[in-house]
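Quick one: structure below, then a few questions.
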Amino acid sequence: MNYTDSTLIDVLQFLFMGIQRGSIYAMVAMGFNMIYNSTGIINFAQGEFVVLGGLMMVTLTMAFNLSIVFAFILTVLFVIITGILMERLTINPVKQPTVIRLIIITIAVSIIIKGAAMCFWGKGSHYMRHFSSTEPLDFYGATILPQTLWIFAILFFLVVAYVIFFNYTMTGKCMRACAINRDAARLAGINDRKMVMLSFALSAGIGAIAGIIITPIIQMDYARGAMLGLKGFGAAVLGGLGNSMGAVVAGVLLGVLEAFGAGYISSHYMDAIALVILLFVLFIRPSGIFGSSEAMRLKEF
Amino acid sequence: MKGKNSAGFLALIISIISIPFMVTNDYYLGVLIFTAFNCLACIGLCLLMGYAGQISIGHGAFIAIGAYTSGILTAKFAWSPWLAMLCGVLIVIVIAFCLGIPALRLKGHYLAMATLGFASIVHIVAVAAVDLTGGPSGIVNIPRLDLFGYVLSSDKQYFYFSWSVVALSIYIAFNLINSRVGRGLQAIHGSEDAASSLGINITSYKVQVFILSAVFASISGSLYAYYMNYIDPGPFDVMHSVLLVTMVAVGGLHNIWGALIGAIFLSLLPEFLSFLSDYLQVLGIEYQPDYDTLVYGGILLIIMLFLPEGIFNGLSSIIQFIRSSFRKFSGRAAGRVE
Amino acid sequence: MSNSILELEVLCKNFGGVVAVSNLSLRIEKGFITSLIGPNGAGKTTIFNLVTGFLEPTSGHIRFSGRIVKHMKPHTIASIGIGRTFQNVQIFPKMSVLENIMVGRHLRSRAGILSSSVLPPFLRKEEKLIRAEAEKQLHFLDLSEFARVPAGSLPLGNQRMLEIARALALEPKLLLLDEPASGLNARETIAMGELIEKIKQMNITVLLVEHDMELVMDISDYVAVINFGKLIAEGPPVEIQENKDVIAAYLGE
């Protein structure tokens, strides 16, 4: 094997790792966007949904020995219910929201979920069996885990489902209408309160799926939520807040940049790479790479 | 300062003087010293959040920078602690300036996330830059602070010193609030458009108050390093920045006293909970320190939902209610009601 | 040259594809009350925002006291002597009425962040002066009884008065009033008209946007009519009332 070959293999390997991480960021970012579009809130507990999904899946598959499919469905349902409860109990009752108050409320929810996760699952990280074989596959000299392929496939499936839901179903169209103009949507007879609840449910569900599929690879623990949330937010901003297709591209891009940074610069600073990108995007182009700065000024923060 | 505020200030001074006579246990005195560090950072943060209306979930980073500058310069280069602290303040001023100019153009959620990201980066650097910060094992042999050649060796002395700094910072904060600049900041919070139409340079004011609050945090970090004599990245994670914000919010955003009460309340909460756990055990409830996070999140949520103005305002409105109903009652008793 | 304080020279402002102000040229005479009128969406508030630096013109110039105003932030424009109020009242609700006006003295005082926080005794004199001036404005507008009340709890009429008092504390040469009478009842509107005339007597030029035609025709020295961002007529109120274009614009032909 000569030098160029091994470089190429490295590049491929980093690329796989990057897309795998990026898929998770993309899903977290989609979750951020759903809630942002329906309420204008950035949900600081978004990362906790991922953790909750991962840990619940660990318990159902490893302790209760349920089949992957059954456990998957139960876990997603569980986190969706958590999301709905969050909206009903903490967001819905707030009559005079200020931005600082809403930020702190979602932070409080994240602390509660984190605290509860620590009580139930302890401080250690949890192993979970892969969806299928753990035997790495060979791809032009680079290796790829079947679980990684599962992640790619599920991201692809989610994107398709997202497009179908928001473009071809009545409920999805209603949600989009609410996102564009809530008052007008209400006048057209859409129950905007229900749409907000639905957005929390969907956002929690997508977070749970991200947690479930990544856990076999990273071994979930209770404290991962904040970092996942921050990086997912980075993806959401990079893709233009509120633009979920942009978020998917940006999430994958962020993951790839992170993987290459870790590989070629320093793995110690790996987590910092995505955050530095986040800061640069916020400072230089807060509308994201796909957004227009003109439209950005019209949004309120 | 005037009226109620000077009364409050006097009460604070009296409590500071008398507490070491009542709390003789070194452990609790230590807890109260940590409380002072939190109070210091929260007073600065309250100026930024409550008065100027700008959120920052990144002030833990400024505490870390103050602590590490002090630690590195004294332990590795044998600088005088005071000089090292000053150097920390200068570094924080530069960093806060460079961060503040782009960050404070953002609002609300974006600003919150940008500062949170910054805090996270600083923490990662503290862990990873082993040559500079000692990595996870941190820096040891940081000296104690001396005052006019007199080393503050006992906890009691450090208690008096750190709380004097808190009192001084409260004095400074009130001066600022009741000044031309303070009114400018509150005006920015009320309406940025109106403030700028009256000639207030909003960007400059936001950056200035951001720097000032970062300096408070930096001094708090330096004092922490000199008290502990050793630092590691543990206490400077993102959670600490979040904790500071919640202290200010729980106490009451729009009032310095609120920030102070919030900081004291949440700093003492773990002690209170462990104290309570003995009683809960009698009732058959096994309380473990692991539940602290949960309880703390719950308290935060409840206060934000039901007392959005914080416990300080909550308390004062309760007191007002009691007072007015008492007046009504006594008035009725004396037959003076029309 | 003429005695104009503010000159708009072929001013244009586009928002994306929408033209809000197009080739507008207008001169505001010093020491008089000039009203800008026109149907909703004609671009009146946009003109205010251009003059006070909240928006940058797409092309054209704004000249204030003979000097071209370009790339200036709102706070710099305030410092050269242009005060304004807002269509949707922008007071500082949590500050007291007196403090609101004290903010208006910002440019007439100097204390910085360091001296304010560390050396208040040295600033006492300045503070006293700020307070005295603010109290003078309060008295002028008959709001003294509300001095210590949080501004947010005042009724709308008083809030509009307060906003004007705050702008007057700036001691501007030119004052832009954006619909000062909207939402006011008949009695309050009359009081507002009297106030605006008093402001003119203080040698402050007033540029007014207002929908209450009775008020406009009553107090204005000049009226400029704008429709779709274009000037369609200007002159003394009597001429404007008889102008065919104006009647057409208002009645929609």
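Think of it as A, B and C in the order they're written, each chain with its own count starting at 1.
Assume a residue touches a chain if its C-beta (ideal position, glycine included) is under 8 Å from a C-beta of that chain, and two chains touch if they have at least 3 such contacts.
Owing to the predicted nature of the structure, the values given are computational and were not obtained by experimental measurement.
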(message) Comparing chain centres built from Cα atoms against the global Cα centre, which chain wins on proximity?
(response) B
(request) Sort the other chains by how far their Cα centres are from that of subunit A and give me the top one. (result) C
(request) Measure off the straight-line distance from the CA centroid of subunit A to the CA centroid of subunit B, and report it in whole Å. (result) 32
(message) Suppose each chain is reduced to the average of its Cα coordinates; what separation in Å results between subunit A and subunit C?
(response) 48
(message) As a quick test, compute the distance in whole Å between the mean CA positions of subunit B and subunit C.
(response) 41
(message) Could you pull out the residues of subunit A that touch at least 2 other chains?
(response) none
(request) Give me the residues of subunit B that touch two or more other chains. (result) none
(request) Quick one: which bits of subunit B touch subunit A in the complex? Just the residue numbers, please. (result) 49, 53, 55, 102-103, 105-114, 116-118, 120-121, 124-125, 127-128, 238-239, 242, 245-246, 249, 253, 290-298, 300-301, 304-305, 308
(request) Enumerate the contact residues on subunit A facing subunit B in the complex. (result) 41-42, 44, 90, 93-94, 96, 98-101, 103-105, 107-116, 118-119, 226-227, 230, 233-234, 237, 266, 268-269, 271-272, 275-276, 278-279, 282-284, 286, 300-301
(request) Could you pull out which subunit C residues touch subunit B in their complex? (result) 52, 54, 73-75, 78-79, 83-84, 86, 90-95, 99, 102-107, 109-113, 116-118, 120, 123, 126-127, 130, 163, 166-167, 170
(message) Per the contact definition, I'd like the list of subunit B residues that touch subunit C in the complex.
(response) 172-173, 175-176, 178-184, 186-187, 189-191, 193-202, 208-209, 212, 254
